[in-house]
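Next up: the structures, one after another.
The same chain A turns up in both complexes below, where it pairs with chain B and then with chain C.
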Partner chain A sequence: MIAQQDRKLALSYISVAYIAFLIGTLMGLLQVFIRNDKLDLPAWLDYYQILTAHGVLLALIYTTFFIFAFFITGMSKSLGTFGPKVRLWSWVGFWVTLLGTVMATVLIVIGEASVLYTFYAPLKANGWYYVGLALVIIGTWIASFALIGHYRVWRKNNKGQLSPLFAFMTITTIIMWLIACLGVVATVLFQYIPWAFGWTDTINVELSRSLFWFFGHPLVYFWLLPAYIAWYVIVPKILNVPVFSDSLARLAFVLFILFSIPVGFHHQLTEPGITNFWKFLQVVLTFMVIIPSLMTAFTMFANFEISGRKKGATGLFGWFKKLPWKDIRFTSIFIAMAFFIPGGAGGIINASFQLNEVVHNTLWVVGHFHITVGTPVAMTFMGLTFWLIPYLTGRKFTKSMKVLAFVQIITWSIGMLLMSTAQHVLGLLGAPRRTAYSGYNGHPSAMEWFDGILSSHVTMAVGGSILFVSAMILIYIVVMSMFLSPKALKVEDQVEFPMAESDKSHTPKWLENWWIWIGIAFVLIIIAYAIPLSSMIMHAPPGSEGFKTW
Partner chain B sequence: MHFHKFEKIWLVFGIISLIVFLSVVGITAFSHDHHPAGGMDTIDPEKVNETAPFDNPGVTQLDEDTYQVAIVAMAFGYTAPELKVPAGKEIIFKVTSTDVVHSFTIDDTKVNMMVVPGQITTRSYIFDKPGKYLILCNEYCGTGHHYMFTEIEVY
Partner chain C sequence: MSKKNEHDGLDLRGTLISVLAVGIIIIVMWVAVYMMYVAR
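So, the complex of A and B:
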């Protein structure tokens, strides 16, 4: 077990994550019923406030706090107990991120920031909302640098050695995150805050959108890579096999540093201000992440097959039956991976240049989120939560908790399957995203969308309700594991942190030369962004004043 | 670095598929002029109503086979009087916004344009079938976002 003080740190992060999860999923439940026209909100609460809270709390806060809890625990386990400075700065990072979260949440609740989590200008929220968001980012930077500090101490004490795989992957994710945040920090500090407080009169809208998406796409990889860490490092241990290939795992990760960032324009394919050449160039770069994704898929199936054959499986697919289906730590993550197959395919559709027009800003995109971040990522985090909290609290993961965990994972899968399928179908029919209930004055086309069995409001609401039940079961499991489950006094009751052995004897050293990867990443960013961004600045139209349209 | 033989096959197959796929997308885009909505023209968002073609929004016939439709988007509607266009002719939509970001999206078509203040979005489209098409805003623009719609009649 890792040091008491490191556990306390990780548990604090997890607690915030699940408070955000609780509120965020409740907001999700309200949404499906408002869209269904079955729920009228009181006058002081608005659909778009709820939507903003749902997006911010789940996509930004739940993920970020959970990811840091996972990183802190794994880094303490793989590199050793944190030193006093690392611990201090991790706490500073925690409090700064929390302060930012609370500020942003309060401003959403009082109706000063119904701008959704993309906060597109010239919708103008209260200036303190942007300060809150900036603090969230700065807090994660502080916590990130604390972890980098911990890693550097290890490197200094282990000269010439490659770091353990978990630490390597954590540092990769953090480097990607630090570079990605430069875009959002630039726009929030130099565009939004001066404008929101009235120090400047207008804002360059297209530039702010592009800087946002410089950050917005790698943000999704910031959610995904920690899940990949679990897939690469945790899953093999549960399967009782070593890491399939240490060098390929590392290569896949560094490719994400290169190809996560210079790709934001694929979120802006249907908008003006960017020429087709630059849009298409970034589409090509976007598709490069398919390469590490294929490597990951191969590795996962290799692990499954090797593990199954070790247990005596024969034939082409015999290994499938030998997988540890009764172990929720595995089954949860396996289902998460399965959801990522249509999720990833949908992502390819979204980024396919002209094809984007068919789905852009329709409910399809909402469905896509829910089978990428909402299931592959979130369900991997759930699968980690089951053992991570007992591991940190020294409590048992009891039999009844295991049963509940199965119920939770299965309900989440069913709910998500119903809701996301409805959303995908509705999106293809043309129903827009981010809207409260609307029949467009009874327009026949709008009425038709919701006529199907799968595409009806009912399917979405049933799915959403099942998801909420599942979320509440998870909250129950979290509370039990945190405070109430019996202490694991005997060694055999103690919950382990499954971390697979990785043979790094054949791994080339240059994979851990970060300056190579950071250097190439910046070259790609400059190629993809320098000219279009500078033309947005030099050929900018007169800027926009702010509007509060809610 | 060691690659398993199957992994080599898998990756080579994957990368070749990727190249073929991107070539198809790129060639149809650039040789057949099959691009998503866009455009590089800018406009002063406070002077939209005085700037051509938005000083006279609506349908204008440019020549025998081409029509231009100028639209101003604003919270929560479109300034677009009498939208009637013929089927089978090229319709060039030009849209801008006087306030926040909107979209101009015609249901059942590929017309799905982001409308950004300060910029003019352009998209050309040929309607196959006559009928009344729903136009809606699919980018969040405020409390009345879900009431932002209009209609275009194709004859």
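So, the complex of A and C:
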């Protein structure tokens, strides 16, 4: 068990995460009914308002707060109890992030910021909304530097040693996050805030979008890498095997520092302000991410096979039956991984330059989002939640909670399968995203979107409703684990933090020389971004005034 | 540093086939959308 004060810190982060989750999933439920023309919102509430709240509260706030709770607990466990300065700055980071979250949420609720979570210019929100977003980022930076400080103390006390794998992976994720945020900080501070408060009249739209996606794509890996930490470090412990390869795991992670950032243009493939050469270069760099992704897939299957064979499995796939299916900590993460196979494949399609024309701005992208961050990441976080909260509160994860956890995971899987499949198919048929309900004046093509089993908005709504039920079951489990489940007084009732052993004896030391990876990352960023971004500034088109379309 | 390979003697045939299957899923999905792109 980690120190009481560190547990309190982690629990505070988790509490905010699940309050955001509760509101965010409710907004999701409203959306599927509106798109199905089955719900009219009252005059004071707008579709784009709830779409913004859904994206911000789930994709930005739930993920960020949960990730820091996981990091804090894992870093306290693997490197030792936080010192007073680390703890103080972690709390400062928490409060600043929370302040930013509250500001941004209030402005969305009062209808001053219906600009969606990507806040694309020239849509213009109230200036304080951007200040709120900036505070969210600043808060995460403070909390990140606190964790880096804790890591540095450990390194100083353990000279010449490689850090524990959990800590290494946490620091990798944080380094990537800090570099990625430079883009969004630059655009929010120097473009959006002066423009939104009226200090400048116009904004360079292409530059703002490019700086956003400099941040936006690695943001995806900020969500994904903590899930990968669970896959690499937690899952083997549950399977009772050691980490498959310490050096492979570390190499995969540093490759994400290199290849997750200089790739943002693959989100802007249809935009005219960037020449094809720079788009193509970033498409190639995007495809490099397939390497650490398949290294991860290989490691996961190897863990499964080694574990199954240890239990006496024979034949090519006999190990599959020997996996601990009755253990929700495993089953939840396994299903999360399974969703990531089509999710990852869809990502390759999205990034494939011309193929992007088929899916861009369609519901396919929404479907893709929900089988990447919405299930592989979110369901891994759910699988962690089941034991992480009881571990932190010292309560039991009771039998009835375990049954409910299975119901929750199964319903989330069914709901997501229905909703995301419908979204993918509808997208291929041309149904747009980011739009409220429209009948397109009864156009036959648009009417087809309401027919069929898998290619229908009705299926999407059924899936979305099941997902909401699942989300509420999860909230119930969270509340029980946080406040009401019986205390684990006996040792056998106490919930453990499963962290696998990792053999570092074969791991080269240079894998933990951060300056190598940060240096290469910046070289790649300069190659991919310096010329196109400076061109956008030096040959800037006329700027745009702000628009408030809601 | 020990020279013994920590993975000696492991039977990972199932892993190999599984990762290849993941690769095939990626290729099939990609080709399907590519065909749609060409057809449109």
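Convention: the second predicted complex is superposed on the first by the 550 of 550 C-alpha atoms of A that agree within 3 Å, B and C clash if a C-alpha of one lies under 4 Å from a C-alpha of the other, contacts with A are read in each partner's own complex, and residues count from 1 in each chain.
What we mean here is this: a residue touches a chain if its C-beta (ideal position, glycine included) is under 8 Å from a C-beta of that chain, and two chains touch if they have at least 3 such contacts.
Values in this document were obtained by computation on a predicted structure and should not be read as measured data.
With both structures placed on the common chain, the touch criterion links A:306 to chain C but leaves chain B unconnected. In the superposed model, A:419 makes contact with neither chain B nor chain C. Ranked by how many residues of chain A each touches, chain B and chain C are led by B.
By the touch criterion stated above, A:316 is placed in contact with chain C alone, chain B being left untouched. Of the two partner chains, neither chain B nor chain C is touched by A:335.
In the superposition on chain A, A:234 makes contact with neither chain B nor chain C.
Touch criterion met: A:354 reaches chain B and chain C at once. Residue contacts after overlaying the shared chain place A:345 against chain C, while chain B stays out of touching range. Within the superposed three-chain model, A:428 lies in touch with chain C and out of touch with chain B [touch as defined at top]. When both complexes are overlaid on chain A, the residue A:503 reaches chain C alone and has no touch with chain B.
Once the two complexes are overlaid on chain A, the chain A residues touched by chain B in the first and by chain C in the second are 245, 294, 298, 302, 352, 354-355, 357-358, 506. Interface residues of chain B facing chain A in the complex, by the touch rule stated above, are 1-4, 6-7, 10-11, 14-15, 18, 21-22, 25-26, 28-30, 34-46, 75-76, 99-101, 103, 105, 107-108, 110-114, 116-122, 133-134, 136-147, 149, 151. For chain A in complex with chain C, the residues that touch the partner chain are 245, 294, 297-298, 301-302, 304-306, 309, 316-317, 319-320, 341-342, 344-346, 348-349, 352, 354-355, 357-359, 428, 503, 505-506.
Contacts from chain A toward chain B in the complex involve residues 46, 48, 51, 114, 116, 120-123, 204-206, 209, 245, 247-248, 251, 268-276, 279-280, 283-284, 287, 290-291, 294-295, 298, 302, 352-358, 360-362, 430, 432-438, 440-441, 443, 445-446, 506-508, 539-545, 547, 549-550.
Against chain A, in their complex, chain C makes its touches with residues 1-2, 6-7, 10-15, 17-19, 22-23, 25-26, 29-30, 33-34, 36-37, 40.
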